[in-house]
Each structure stands twice: as C-alpha cells, then as structure tokens.
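To keep things simple, chains are lettered A, B, C and D as they appear, and every chain counts its residues starting from 1.
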C-alpha cells in the first residue's frame, strides 16, 4: 500500500498518482465552472454530489497516507504533507461556512506533485534552481520589504494628509494600499490624487518606486546569473599528467603546455 | 521560377520579394483603414475588390511555392511555410464569417521575411541571439509560468471569496483575470478590491507579484549576459598549422589536437 | 545614563530600546486606527491623552539623547539624530495645524533602530550592501533622472497641446504628471488620451518609457551583481606569516608584500 | 565674441551661459505657469511681452552662434545646433498657430548644455556611459521593437475582432493602442476587455508581455554590466620580470609565483 501511494515508480503507483491528478483537476474545474453565474446552475445537485464524493476520496487518501507512512507526524509536517492538509481543510470549512466553498480549489496546489509523477526531473531541477536563487536572496528581499513597508506607510500618511478623505484617501490603510499600488507600478486608478501637491508627491513616488523596485529585480537577476555561471562545466577539471597544467578544453587531446597526450575525457552535463 | 520565388539574391528574386512586401503592407494598411469608423466607408467597394485581388495573388503565390519547391510537405511544415499558411487562412475564414474579416491582417506576420529580403544579416543575427536567449530559458519560463498560474488561480479564488460578485469579482475566471492583471503590474482598474481585507490581500499580491515577476527578467537577463560574454573573442582565432584545428586557448603553447607547437599568440579586442 | 540610551549591549540598554520600539509601534498603530472612519471615534479622548503622553515621552527621550551625548551637535546632525527629529517635529506641527496630525506616524521611521536593537547584524550587512549598490549608482541615477525629467516635461507639453484641457490634460503640470504616470508604467487611467494622435504619441511614450526605465534596473542590477561577485571568497583569507599582509591570490606561492613563501592554500566556499 | 558664446571656460563665457540658463528656465517656467487655469490670467500682457523679449533674445543668440562660428553649416547640423534650432522653431510656429504656443518650452532641451556649463564632467562621463550602453544595444532594441510592433498589431486585431467596437475597441488602431498599453504593463484601463474570451486573451498577453518586455531590461542590463566590468582596472597588466607571471594585484611588491621584487606600479583610474 505504501508503494502504491508514495512511490511513482511502480506501475500501480503511477496509475494511482495519475488518477489523483485527474480527480484534482476535475474537482477544481467543477468549482470554477460552478462559480460562473448561470453556467453551473442546472447541474447544482450533480456538483454537490460529486463534491462530496471527492471530499471523501481525498480524506481517505490523506488518512491512508498518514497510516501507511512510518512517521505520520514527520509526513504531516513535511512540505507535501502540509500542502495536502491545506488542500483538505477548506472542504470542511465549507461545510460550516458555505460561502467560502469556492476555496475548495486550493486543491490545485496538490498539482505540485505533477512534476514527480511525470518524472519531469529536469523541470524539478529548474524549480529547485529558481528556489535556490530566491532562497539565496531571502534576507536581502526581507530587508528590502521592511524598507518598502516603512516608505509606503509614511507616503500613505502624507497622501492621506494632503488629499484627505474627500479625494478617496479615506483612511491611512487605504492610503497605504494606494501607495503600494503606485510604487509597484500597478496603478489601478480606483484612487488617484486630485490636488496638484498630491500629484507632485505621487510623481516623485512613482520615480522613487521605480528606483526602489529595480532592487528586487537586481537581486534576483544577480542570483540567477551567479547560479547560471556556477553551472557552466569548468574546463579546469582536466590535468596534464606530465606537467600538471590544468584548464584544458574538453576536446583537447594534448596538453597545451607541454604537448603531452592527455587521458580521454568523459563529459559532465550542464544541467542549467 | 524557384530562384525567383525563393532566392533573394538574384535581381528577379529581390524584385519579387519587394513587390510581395509592398502588397502585404498595402493589404494590411487597407484592413486597418477599413476598421476606422467612417474613414473607409466611401471606398468600401474598392476595398472589397482589392481585397479579392490580394487574396488571389497570395493564394497563387502560396501554391507556386508549394509547386516549385522540391519537398512541398517539408516547406509547408517549415517556419515560413506555416507563417504563409497562417497569413492565408483568415482570408478564406472571412468568406464564411465576415465579421472576423479584420483578421486578414495577420498577413503582417509575413513581414518576417523582410529581414531576409534586405539582407539585414546583422539583424537576423540579433534576432537569433534573442531567440537563443529565450529558447535557453524556455524550461525555466515554463516552470515559472506553471507556478504563476497556480498562484493566480488560488489568489483569484481567495479574492472571489473575500470580495464576492458584489464588488466585480463576478466569477473565479474573472478573479483570476484580475489576479493576473495585478501580478503583472498592469492594473487596469476595471475591477478593484473594495473591502479592507481585499485591499490587504491585493497589497500583498502586488509586492509578491513584483518579487515573482522579477524572475523572468532575471532569467532573460542572465541568458543575454551569458550570450554577450560568449561573444568575447572566441579562442577559435588560433589555428594549428599542422592539423588546422581551431579553438586553442590564448595561453596554449601546443596544439591540443596533434601536439604540435603553436605560433605565438597576439590578443584581439572584444567586440559586440 | 549614556549607556542605557545609546548602547544596546547592556541589559538596561536593550530593555530601554525594546520599550521604545513598543511605544513607537503603539503610537503609530493608534494614529492608523484613529484615521479609520468610525473605528476610533469612541476612544477619541483616550487617544488624545495617550498621544500627549507619547509626545512628552519622545521629547524627553530626544532631549536626554542630546544631553548625555558628548557632541550634541554631531548627534543632532547624524543620520539617527535627524530621523529622531523628523519623528518628533510633526507632533508639534500637529499642535498648530491639527489636520496634519496624522503625520505623527512618521515616527515609524525610528524603527530603523530595530536592526541595531535585535543585533540583526547580518541584516544590517544586507542593508549596507543594498545601500552601497544604490550609492555607487547614485550619479548614474541622478543623470538618468535629469534626462527623464526633461523628457516628461517635453512630452507632457506635447500632450497638453495635442489633447488639450478638454480631454483632462488641463495644464502642463497635469500633463507632466500624466507623462510620469505613463513612462513609469503605473498608468492610473484617471487621465487618458482620447484623440488618435494623442494615443499614437502615448503608445510611443510607453515603448520609450519601457526602454528608458530599463536603465535604472540595469544600473542597480549591475551594481548588485558586481557587489555579489565581490563576495566570492575573498583572497584576503590568506595571511603571510612573516609580514601578516592579507589579500593574497589563491594561486600565490610567495607573499606579495615581503616575498616570503606562503603556506599551502586550501579553498574556502563562497557564501552570500 | 566666439569665446564668449562658445567657451564656458572664460569668465565672460560662463557668465553668458549662466544667464542663458536663467533665461531658459524663466521662459519655461512662464509657459508652465501660463498653462495653469486662472493662475497666469492677470499677467497675460506681461507674459506676452516677456515671451517676445525671450524670443528675440534666443533668435539673436542663435544667429550670433551661426555668425561667429567658423563652419556655420557644421554647427547647424551638430547635436547642439539642432537642439538650439528645435528650441527656437516652436516660437515662430506659435505666431502662426497660437494654440501650440505651449510648445515653446521645448526650450528646456537647451538645458542639456547645463552639464557643460557647470563642468560636471563626471556626470557627462555618466551620460556617455549610459549613451554607449544604449547605443551598443541599439540594433537589438530595434529588432525587439519590430517584433513587438508585429505582435501588438496582430493581438490588437484579434481583440478588435473578439471584443468589437461595442466594448471600446472601436478600431484596429485603438486596439493596437490598447495592446501596447497592456504589454508595457501600463494598463490605463480606459479600454478593457469585457467578454470572457477577451479577458483570457488579455491575460495571456500580459504574461507574454512581461516575458517580452523583460528583454529590453535584459539587453540594457547586460550592456551596463559589461561596461561596468570593462572599467574595473585589470590586475593582469603587471608582469614579473623574472618568471613573467602575470596577474599580480595592484598592491603587490613581490611576484606571487617566484618571489622576485616587482617594479613599482602606477594605478589606472576606474572611471565608472
């Protein structure tokens, strides 16, 4: 049973995982269709029925995972364990609070498994590469965020004072929301400065915002570039047995320093 | 005939290609003008006539290409072959569904030939450079997109639950559309959060979105930088006089292929 | 007393700083809550009272800092000194102009101390790293800004002439505000071109704007990458046993300062 | 006279240039103030008078430049010559077409001289650095623009067909304008898709747009990084006279390979 549920290498395991994915997609699709006005109305009963079916299925599966794994707690606290729980909870919350019933489709998160199922190891590698790049710049981004939060709080207050509730800046939280909208260059336009002073400040904020938000891009880019260069297969792995010179090109047959024949070279793959 | 149609090097060939481009531009311009209210009305008949003329011309040309090429199938499936077909189809679709008639101007895609016609090889090189950079980051971008799609689906659902149809988040697809608008920092503002909780979530999404969307920039930048550095004078400028192998490292003293002593090396300057 | 106020290393000092932070957060929170309609109304009196309490507290603290430091002027003009003053002024301005009373929460700026208090030296390092990157690109960004300002002034005027007050471009300052909104890709949409010519110009501005605003990103990214590579294991880990000079290259065999033979070198791992 | 007008090094020259800048700023300020409703009304007459004064002054100056320079044509066609002309023309156009009178403030372009006047050579260097970076990526950006233009034309047409005039996509040019607004992530929101299909296409465009527009950022960043690294003083310029090893650090006094004393080192300055 453990093999079936957890290992995607056995035939049974893959079949199981594929069914799982199909069901997840189906249940998510159902929720989406259901949310579209008039579209899902005449299938309401069918939907509710299937919804229950799926809920039971997922619950059983989750319990099964907990049961057949050696350390239930460790699994429950593992990345996928938490995802599974996250995907399950809304279903039950929905029983108590029907209107949040749409949240059921956080189940889509479980599709993160899809990479494992289809053995897209290369993609997993990419995922991890991106993950590392972001993790490596974690602290920088935290620091950056703290700075941005202070800026938007101050700027939001300034705008609240300058424009006032009359022009839509009805409270400091609202102004802060506007400030974030502006500095991230999203610019919904539901709230906009009307006074000349307000527009002057807003203009400065936009330019400032661009400068400021160039920083995360810079951080991430630097990380990715670094990772990228780090992955390039270094030619320095080949050493001449005569003069011990290193740094021969992969296709080299003779030492470029002393002319001695080099041992055969087996290629290493550049995964990035 | 083959030469005329396919090769841009002969006088006849270039003339043919230039006429082709002129006609394409003209027909596209016509469609554009036609779409502007009141502007093209009094030329309706003339337009329709020329439209037919062009359609015939392009059809003939396409058939001619198919006929005079050695492997019709291979051409039909080649990049330019597909472009040509794509540019031709709407014309006939328009016969059946008149209102999509404007689609005729996907013909503009055929202008991709323009680079070949005017021998802008340097530009073609640039095109390829950009193409390679994008191709190289293909997988990363796919992975990134899959992650973004999950995020927007979940966030969209959350906003649909929080704001509800009353505030414009009329269905999950609509909310997802809004989530994409927000995370890409486009921010149309046709749909905006009204509740405080919604605005809080939206604010976090924007900051998250900026962080997230810094990733493709980072990926592409890293690729381009790498490509750019790859342009630095390749060591291939040194040739062994014995075996004519190229690609010796600047510090090489012996041919890495046959072991013969290499002539002294004088550095060249890097150019982009 | 000096120790208590300025040094975060002693127990008393930390306690003092932590209290300070708590009070700052509390007073800021109060201002925010107060700004939300209806929310803070029934606590108005309490708020005003506490507001005064805090004001007195902060004033006392500021004076205390001035008194017990050796060079009051130098402190007053130091970075934190100015922050403290900035955080204090609005309180008194608010006495004269009650409606700007919300500005009191620029106090949040004082939280910059938080990094020192909690000994988040690593984060401080990050802060400084970002600071250096921005400082290093200071001049470039100034030059860039001056160029952008000229562009937006000219473009703003052009749009003012093309669209005119009738379409919301009521004056040149307003048009410039719009131009900035557009070039920074914020795009509020409170003012938009209506005429075809205006839209053509706007379209060119957007593309131009993207090109232009890619520059600060480029600048900052270049700086950060450079800083990041500078982090690559510094050769400064090797010290000559004779003259104690540091900073020898990994491949060095002799001290570059006194010529003494260096001990063998074992590589260290790069860390960001 | 030549010296006074063209050289900023002599006392008279600087004085002249500074007066020029003052007048330019004044005349621009006037136009701006004039454009603000009600603000400049009561000074209308004064403004018109000064406007004429300035116009005459600038004309005289321009003629003077033409007269006292050795090769009038060459000056007229030089960068600054064209700027000067550009800054002068609108004044006369304004005589014929009063409503474009605001264009007079393209005079602000003349402030480009400001850098020369105040001897901000360092900044000029920065300007040139940025200029080179942009120039170097000129072709790439052109190619990129041509691609973007085709995409927006096609996407614009598609949206025109999908949404139709009913939803604001009143003509293909308008739709293209919308497409550009969307792909540059400006997102005014004056025109937005209403149909579900339209929103689906728009969503894809946004993601595509982000990917696409990451390219210019990447190009510029790569250029700037390259320029930046190119400026770092390479330590490889020092060679040991004994063993001819290269790559000694600037502060090295002994060869790190054989321990022989190195010749004194004269620093090269890093201008970036």
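Simple rule for what comes next: a contact is a pair of C-beta atoms (placed from the backbone, for glycine too) under 8 Å apart; a residue touches a chain by one contact, two chains touch by 3 or more.
A quick note: this is a predicted structure, and the numbers were derived from the prediction, not measured.
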(message) Please tell me whether the contact surfaces of subunit C and subunit D are same or different in residue numbering, using the over-half criterion.
(response) different
(request) Quick one: point me to the chain whose Cα centre is farthest from that of subunit C. (result) B
(request) Please compute the C-alpha centroid of subunit C, do the same for subunit D, then give the distance between them in whole Å. (result) 26
(message) Taking the mean of the CA coordinates per chain, how far is subunit B from subunit C in Å?
(response) 39
(request) Give, as an integer number of Å, the spacing between the C-alpha centres of subunit D and subunit A. (result) 37
(request) Could you list the positions in subunit B whose residues touch two or more of the other chains? (result) 173, 185-189, 217, 219, 221, 223, 225
(request) Using the contact definition from the top, classify how the chains connect: line, ring, star, complete or other. (result) complete
(message) Which stretch or stretches of subunit D touch subunit C in the complex?
(response) 28, 31-32, 35-37, 99-100, 102-103, 105-106, 108-109, 111-112, 122-123, 126-127, 129-130, 133-134, 141, 145, 148, 173-174, 176-177, 180-181, 184-190, 213, 216-217, 219-221, 223-225, 228-229, 247-249, 251-262
(request) Over in the complex, which subunit B residues touch subunit A? Could you list them? (result) 139-140, 142-144, 147, 150, 153-154, 157-158, 160-161, 164-165, 170-173, 182, 185-189, 192, 196, 199-200, 202-203, 206-207, 209-211, 214-215, 217-219, 221-223, 225-226, 247-249, 251-261
(message) Quick check: in the complex, which residue numbers of subunit A touch subunit D?
(response) 185-189, 217, 221
